[in-house]
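There are structures below to look over.
What follows is chain A paired twice: with chain B in the first complex and chain C in the second.
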Partner chain A sequence: MSEEKVETKSLIDKVLDLDPKVIFILLAIVLVVPTVRPIGFPIAVSPYTMDLYNYIENLEPGSLVLFWNNMGWGWWPAEYRPATIALTQYLIDNDIKFISVSGGPDDPLIWDHIVTNLLDLKGYAYGVDYLVLGYLPGLEAAKSSFATDIHALVKIDYMEGKPIDQFPIMDGVNDATSFDLVIEISSTPAEIIIRQFYTAYDTPVGLIGSAGMFSDFLPFYAANQIVGFTCGLRGGAEYEYLTNRPRWGIAALDCLSTSHILMVILICVSNALYLIKKWKVM
Partner chain B sequence: MSWIKSREFAIGLASAVMVYMFLEYFFVLPKAAADLTSGLKNLAVVISAFAFVLAALNITLIHGRRVTRKDKGWIYSACLLGMFAIMLLIGIPFGTAQSQYMWIQRNVYTPTSAAVWGIMGFYYVAACYSVFRVRNVDAFILFASGLIVVLNNAPAIAAFWPQINAIAGWIQDVPGTSGIRGCYITVGVGLVALAIRVMMLIEKQFFVGGE
Partner chain C sequence: MISTELWTWIYAFCVLGYWSQLAKDNPWYRFTEHIFIGTAAAHGMVMSYWSLRGMAIPSLMAGNYYWVLALMIGALMLFRLVKEYKWVSNWPLAISLGVGTGLAARGAIETQILRQITATMELVKIASPFEMISNAIFIITMICTVAYFLYTIKPTTGLSAMSKIGRWTMMSAFGTSMAWLWMSRLNFLISQIQVLIWQWLGIT
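Let's turn to the complex of A and B:
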């Protein structure tokens, strides 16, 4: 009897001290299986993504949107690509012009890749309907300077290296008030773009962030300082769903569900065993 | 002219610029003052760009020294310097939009850096399994709220069980947002206090190298 007790206890201890490699294998399985054979779980759109979508839908054709990027290649494929491509494509579909400027050294290259390979430009002309500006170091100083006087800070574009004054899209575009919406694609603190564009110039701000930025964005959303936001893969998938252009986000969404469900199961199992062990000791 | 080299001059200059930028943000200044502001901000951007030159020199010196001394892990430093040289040799003469440079960015740098971030996800789950345990009442509150938020973040669960949106939404919007907002306001007030100390020449830690 006592031998049995010892064995049960040791089994609980064994499971509680499970080798992380077992968890890694389980996680790999629940990520690979839905990738190979998609399950097609339904999607619930969050109000934050919905608000950003609605705001852009209400913009007039010919409006001008500024993208301020700080993505980085490492975070780009999963965290930013779905939302960025879905949103930018939606701008093109609705005849909304856009200018991209980068706060990270990788980002001009990413935008080169986006406009060259990933978007259906539908006859959008470079310099007329969209423009890619280069990298501006200096974090808040760069944002502040750009918002105050674009032409004093930026002299040439990134893609063609020509003076920005030569591009028709820059006609009358001088400062933050020239934009109908500023979208920051970044995991840097949101208060900087809000402080320099919304607070100082009343220019509406939307955010595309990584999944970890959710809590950072919420206070600004609750205070109506941003029009809406998307976070990570899920936000991107929601935007793809809303714009009816399923791509990487929706394709990877099953993995997000299965991995989260596995995590919940593991946490519940470990806690149940932990409580059983504690109860037995008592 | 020795006063130019003095610490008091540096602190005074920094404080004057800080006061000026502070006023510029909150008040509409005349055109000449606005031009000065724009110039100062652009100067900050240019100085930030110089930091890359310093970083490049620093990396070369630190890792070059490690390779020449054959210190522990010198092979990684050699790889770093090799890749650094390749990127510079392709990027500087031919430009970063050139196809070879873009090929390395997309096919070497992107998958490797994405893989590093992806690996972190595996460690998160393993850490949650071994650490996320209900040891007391505080831990139970964290456990319950965390579990609901994680379940809500699984799109399939939120779609099959819509009520969880309301529960997770309340957790995120009420205690979550008020907690984060409290942190922001505390940090903001702290920064104002620090700025005032710098402007009044009380805070000199920035200029003494932290010793």
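Let's turn to the complex of A and C:
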């Protein structure tokens, strides 16, 4: 009979070889608990969200804002919904008109959902105070053509399928210079909208992006090429806080905080154990 | 109270199906994955058709016949479906790339180079002590990062040190990006948990 060799693992090895499923379970706990029982962590507003808010605050009633969207249904509830709803509602509260145009196939439908279900329109009339244009494929080419001559590119709207010339909101709206602010809601590189609207026509640009776009947006913000921006759920929560309309963003902040605390603990513990193990071997 | 809406149940079924992959690959996950891909592809096709109907057809009717050329070039993309003539579809791709690059080049130098340099130079100014330190860090790390990419000059001790600082700076920037990306992925999870707990299970 061969002699059986029993391998004994130290506690450090056991922790370092932890099954990822344990981390998934821990993550689920720290996300579910604050969703059911909110903790109420304090919220600090970032300067870039504040600047975007202040710029819109200073727009005159009757100003015209263009939304250029490239959100997608998958990203919409997680990354864009809080900021988009809070900001658009704030435009309505301040009598600012808006036109939405989409660079992604999902976005006209998302805007239909926004204006139909999620906004308090307060008597805003379609075609007079707001307009939803359709999907314009072509990324940079579409943005460039739209900024140069809207009527040559877009013929009909998305919601009613009527010629855009029939809508009062389009009176005198011909190119990028017709807008007081362009807001891109997207995770496409920010330089495209800046190149085609701000650099070419001096039209101010604001950005609503996913959290992953932070590093992409920051250089343009530092160079004053954009008026401000919000990033992901956190940015949305900040905008909800500023406009005093707490919804999905603020509700999710506790989850963001608890999950980040867990991750910091896991990173610190695993690195400390790794170093102890290395030191013991030496 | 648990939801009685069909769409909320379908949402819950799909989300839980996706999550089941965390345990191991299984038919439930595969099924929801295929539903998503199929739905997204069908929706993309319908919206593309509508954009064609909304842009190209009215323009053609208005007498802008140059759209015929655009439609013909676009139609060449369909040759991707025929293995023998797949190479034809490279032409519209080449045209798209050429147009895109040309349009980007128009504003790229000013947007991504000149204005960034101007903004950096504007940081050289007398300000509050904290701001001056912050600006100095920005300028030093910027110069060191650029120094990292100087491949044509033989590295001296000074340049080598600058290049090392540049590398560390970039590592910090990548770390920041990674942290934001982690937050982005968490956002997805949180929004799904919110729907499941609040809308599906009715726990508020």
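Just so it is clear, the second predicted complex is superposed on the first by the 273 of 282 C-alpha atoms of A that agree within 3 Å, B and C clash if a C-alpha of one lies under 4 Å from a C-alpha of the other, contacts with A are read in each partner's own complex, and residues count from 1 in each chain.
To be clear about the criterion, a contact is a pair of C-beta atoms (placed from the backbone, for glycine too) under 8 Å apart; a residue touches a chain by one contact, two chains touch by 3 or more.
As the structure is a prediction and not an experimental result, all values here were calculated from the model.
Q: Now for A:N224: first (chain B), second (chain C), both, or neither, which partner does it touch?
A: second
Q: Examine A:E240 and indicate which partner it touches, taking first as chain B and second as chain C; both and neither are also allowed.
A: neither
Q: Look at A:I23 in the shared chain and tell me whether it touches chain B only, chain C only, both, or neither; answer first, second, both or neither.
A: first
Q: For A:A141, select first, second, both or neither according to whether it touches chain B, chain C, the two together, or no partner.
A: Both: A:A141 reaches chain B and chain C.
Q: Under the stated touch criterion, which partner chain does A:D180 make contact with: chain B (first), chain C (second), both, or neither?
A: In the superposed model, A:D180 contacts neither chain B nor chain C.
Q: Which partner chains sit in contact with A:I43 here, chain B, chain C, both or neither? Use first/second/both/neither.
A: First partner only, chain B.
Q: Pick one for A:M159: touches chain B only (first), chain C only (second), both, or neither.
A: After superposition on chain A, A:M159 lies in contact with chain B alone.
Q: Going by the contact rule set out at the top, does A:L266 touch chain B (first), chain C (second), both, or neither?
A: Only chain B; A:L266 stays clear of chain C.
Q: So which bits of chain A does chain B touch that chain C touches too?
A: Comparing the two interfaces on chain A, one with chain B and one with chain C, the shared residues are 24, 27, 74-75, 77-78, 105-106, 108-109, 136-137, 139, 141, 144, 152-153, 158, 191, 200, 211, 214-215, 219, 222, 234, 256, 259-260, 263.
Q: Which residues of chain B touch chain A in the complex?
A: 25, 34, 37-38, 41-42, 44-45, 47-49, 51-52, 96-97, 102, 105-106, 109-110, 113-114, 116-118, 121-123, 125-126, 128-130, 132-134, 143, 147, 150-151, 153-160, 162, 165, 172-173, 176-177, 180-181, 184
Q: State the interface residues of chain A toward chain B in the complex, per the touch definition above.
A: 16-18, 20, 23-24, 27-28, 39, 41-44, 72-78, 105-106, 108-109, 112-113, 136-139, 141-142, 144-145, 148-149, 152-153, 158-159, 191, 200, 211, 214-216, 218-219, 222, 234, 237, 253-254, 256-257, 259-264, 266-268, 270-271, 274-275
Q: For a test of understanding, state which residues of chain C touch chain A in their complex under the given definition.
A: Touch residues, chain C against chain A: 22-23, 43-44, 47-48, 50-51, 54-55, 58-59, 62, 64, 96, 99-100, 103-104, 106-108, 110-112, 115-116, 118-119, 173, 176-177, 180-184, 186-195, 197-198, 203.
Q: Can you check the complex and tell me which residues of chain A touch chain C?
A: Residues 21, 24, 27, 31-32, 35-36, 74-75, 77-79, 81, 105-106, 108-109, 134-137, 139-141, 144, 152-156, 158, 161, 163, 191-192, 194-196, 198-200, 210-215, 219, 222-225, 231-234, 248, 251-252, 255-256, 259-260, 263 of chain A touch chain C in their complex.
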